[in-house]
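Next come two complexes, and both contain chain A; in the first it sits with chain B, in the second with chain C.
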Partner chain A sequence: MKIYGIACDKSGYPAIVQYIASDHQDICFTSIVKVPCLGVIKESEMLEALETDCDILLLAGCPLDSCHNLQGSRFAQRRAIKVNRLLEEAETTKRVYLSFGTSEKIAELKRVLDLARTILDKQPTT
Partner chain B sequence: MIIGDRKPIQEILLMIGNRKKVLVLGCGTCVTVCMTGGEKEAKELASLLRIKGYEASDYTVERQCEHEFIHPLCDRIQAVDAVISLACGVGVQALSDFYSDKMIYPGLNTTFMGMPVEQGIWEERCLGCGNCIVHLFGGTCPVTRCAKSLLNGPCGGSKDGKCEVKPDRDCAWQLIYDHLKKQGRLDLLLEIQPPKDWSTSRYGGHRKMIREDMLL
Partner chain C sequence: MDHRYQFERDNECGKEENILKTVCIVSLGDTRSRFQKWTDQIQNYFPVKIHLISAAELLSQFPKKCDLVIIVGGSTYLNRENLTRICSQTGVDPQRVVTYPEEILPPFPSLNDYDSWNVFFRRVIESSSPETPSEAFHLQPLKRVAIVGKNVDEAILNTFHIHHLETIVPLGSFTLRRNGIQYDVITNTEVTTVGAVAILPEFQNVFSFNIPPDVDETRKVLFLKEFQPKALVRNFRKQTVVFLVPEVIVSPETWSSLYALAQLIVQRDQALVLILCREVIVAGENLETQYRTAREAGVLIEKIDFSKLTLQPTLNMRGAWIDFITERDRILQRLTADWIIKVPGRIVTPTDLSQIVQSDRLTNSMTRPENINLLPYALPLDGWFELPDNSLSTETQYAIQEISNYCQHGVWCEKGRSTVDEEKCVLCLTCLRTCPWSAIDIDGSSKRKKARINWEQCHLCGLCASSCPAGAITWSRLKQNDMFICPAEKILR
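Up next, the complex of A and B:
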């Protein structure tokens, strides 16, 4: 599974680094973009990321209720929902996945990526 | 402003068919404000089309309904097989008139002239009848906002200030009463309004306005 990652430098990025270090060989990050907060990512930028050679876009950031910038993760969540609706409407298999957790705990990230892989495996190959 | 609603992606894909080089053209005025056809939406649609395998680009002009803004698009439009206009029907037709050899597709359905009443909700306010009389109704247009377009209302069917035809909308005549009461002009309600002169409306075909003072 090829992943384009966008992560906040407070929680998401350290979690991704830990996750990669914990030896998950079937996961390939094509890019990891570090941003100050997920709240800065617009819908058009999510779609641009999905235009690249990746299966999913992963947005990794702070927990929803304790975002370093208060509302950043919630903004990202709302925008990702909108982008996923557009992708669904366009009948593409690519999707945006969200992982909101603290930098120390990678269990949430693992759960999201496992879910993404399960869903992708069920998709008919085009 | 003119309110538009983006067409379903599948309908857009069906329209453009196998035309692979596509320009998604946004409009920087009304449809930008109602968040359906501005720069942001043009970028999103172009991106989606690229994900679907099209060679799509995007651009946004200040207004698609004026020739001086669409004239400079010549090179961009000649370089593509089709244009998806995210403007209202006026913009689409202005483009089609100007670039009559090109396929110009509407990316939006133009819905009405209205305003945002709260974040994410727009309501119709004007029918463009060509003979405005809202001052007689406390500033609320009964032609547009009353489901029955009554000039001598109310109909008697409203309940708790809501319309009986569409219970999620305010009764226009309740609003008219409230406004006139605030203005101390409830006496206007005693006047019988004559039948509306619809000759200024669009039922005789499309309308045209000539301003002699503006002609060159």
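Up next, the complex of A and C:
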């Protein structure tokens, strides 16, 4: 599974780096973009990222209720839902996944990626 | 594709021969020797001059002229605040700084690892220089703290003075106005500027377990405060006294008096004393010793589930039957209590900041979030702290220490990172509503007002730029440099 990761520099980025460092060989991040807050990612940028060679776009940020910039994670969530709706309409298998955790709790990231892999495996190959 | 050979071919063709950049690699973890092999091999492929320094050498060894700075360190340290601090100390344009996480660089690299690092390095040195320069700067708040709250303990004020912080306790009606990172305390007579604001919590006594009315009618149900004077004069020989503590947050002073009272009744009157609680608190000055001596004296302390606690009056209406399930063995137990004593807990009453703070939207969201990136007692606004207690406990001392650290170290900001295009700004006020730090001001003449970013308050989150519907706010070099391809891709290949 090829993943394009966008992460906030407070929580998401350390979580992804910890996850990669713990050596999950079946996961491949094509690139990881570090942003100050997940709320800066617009819908157009998400779609741009999905155009690259990747299976899913992963947005990793602070927990929803304790985002460092108060509303950043909620903005990202709202925009990701919009983009996923567009992707559904376009009948593509690519999706945006959200993971709100910290570097101490990479289990949340693992859960999201496992879910993504399960859904991708169920998709018929075209 | 093997990037190593691609670089060699590029060099042979002379594509990069005229470009000589000075790159400073800062190792935040002070593990310079570990990175030596990573930097040594770079110079075989790239026409660059490398300076490798550690965090300790940042001020003394930093090169005077430097095209690019790569900061290598633990991923948790590579956040915007830390980078701005480094830029401010070294005088580097923050847009010339890129980061690479230390965790990705193994101590014994293979060729694939070098490839990944070199791909990143190539992208970094090939990136264009910033169009408009930006600047990182340091702001020092005043060493004066406004304490907002009623009945401020003298010991708390003294502790502030020990930390060389001047304190003011505004009395009567006053308002607070933001002034950069400082705050103006405005009273009827004068305006005083302070560097930080500490809010003293107000507590309210609460007892959440509902005593049935028929049990209440037995007149054997009392609050701890009512029972205390009675306990000193009355004899409870062969009686059963049950203390109910349904709250988790109970002050250490209450626990202390509870242990002492229970011990007194047992030792003096040989009464049966049972404390039924949700949580036992022993953390506090002398509290554990008191707990032990009370247990040794014969006081029974049980943690129970209060949702399964039932009370019924006895037939002679001189006491109550209590059914409870202990957390220890999950067995239903019944006893007859002659006295039921209610021990209240306390909850924090939030201070109404909207009455105090002048025209600041942030006051609505000023609750303490559980974010590891914030200081432990800080509210989500620079210089605002909430003390955990209104007496001088150990936790309060830690909080005062945090305030002292904040006043000493100050904050680091960046100037010029984002720009507002006056022509495009339609004054929709979306940025004003979106900015979590309230750093957008509306400026200009009455005819042509526009949004302006207040650099002192800006935390560089970029939310304003992403939400501006007119595209008037632009961020320079927001993300293209902080990108790397992880080695996992190479493993899959």
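Note that the second predicted complex is superposed on the first by the 126 of 126 C-alpha atoms of A that agree within 3 Å, B and C clash if a C-alpha of one lies under 4 Å from a C-alpha of the other, contacts with A are read in each partner's own complex, and residues count from 1 in each chain.
Keep this in mind: a residue touches a chain if its C-beta (ideal position, glycine included) is under 8 Å from a C-beta of that chain, and two chains touch if they have at least 3 such contacts.
Fair warning: this is a prediction, and the values are worked out from it, not measured in the lab.
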| item | value |
| --- | --- |
| Room on chain A for both chain B and chain C (clash or fit) | fit |
| Angle at the Cα centre of chain A, taken between the Cα centres of chain B and chain C once the superposition is applied, in steps of 10 degrees | 100 |
| Chain B versus chain C as contact partner of A:R74, first or second or both or neither | neither |
| First (chain B), second (chain C), both or neither touched by A:K110 | neither |
| First (chain B), second (chain C), both or neither touched by A:L50 | first |
| Greater residue coverage of chain A in the superposed arrangement, chain B or chain C | C |
| Partner chain in contact with A:E91 - chain B first, chain C second, else both or neither | first |
| Partner chain in contact with A:K42 - chain B first, chain C second, else both or neither | both |
| Lowest C-alpha to C-alpha distance for chain C against chain B (Å) | 9 |
| Chain B/chain C common contact set on chain A | 42 |
| Contact footprint of chain A on chain B as seen in their complex | 8-10, 13, 40, 43-44, 47-48, 50-52 |
| Residue ranges of chain C touching chain A (in the complex, touch as defined) | 74-76, 78-80, 99, 101, 103-104, 365, 369-374, 380, 434, 436-437, 459-463, 465-467, 475, 478-479, 482-489, 491-492 |
| Residues on chain A engaged by chain B in the complex (per definition of touch) | 42-44, 47-48, 50-51, 86-87, 89-92, 94 |
| Sites on chain A touched by chain C in the complex | 9-11, 13-14, 17-18, 20-21, 24-25, 27-37, 39-42, 62-63, 65-72, 75, 102-104 |
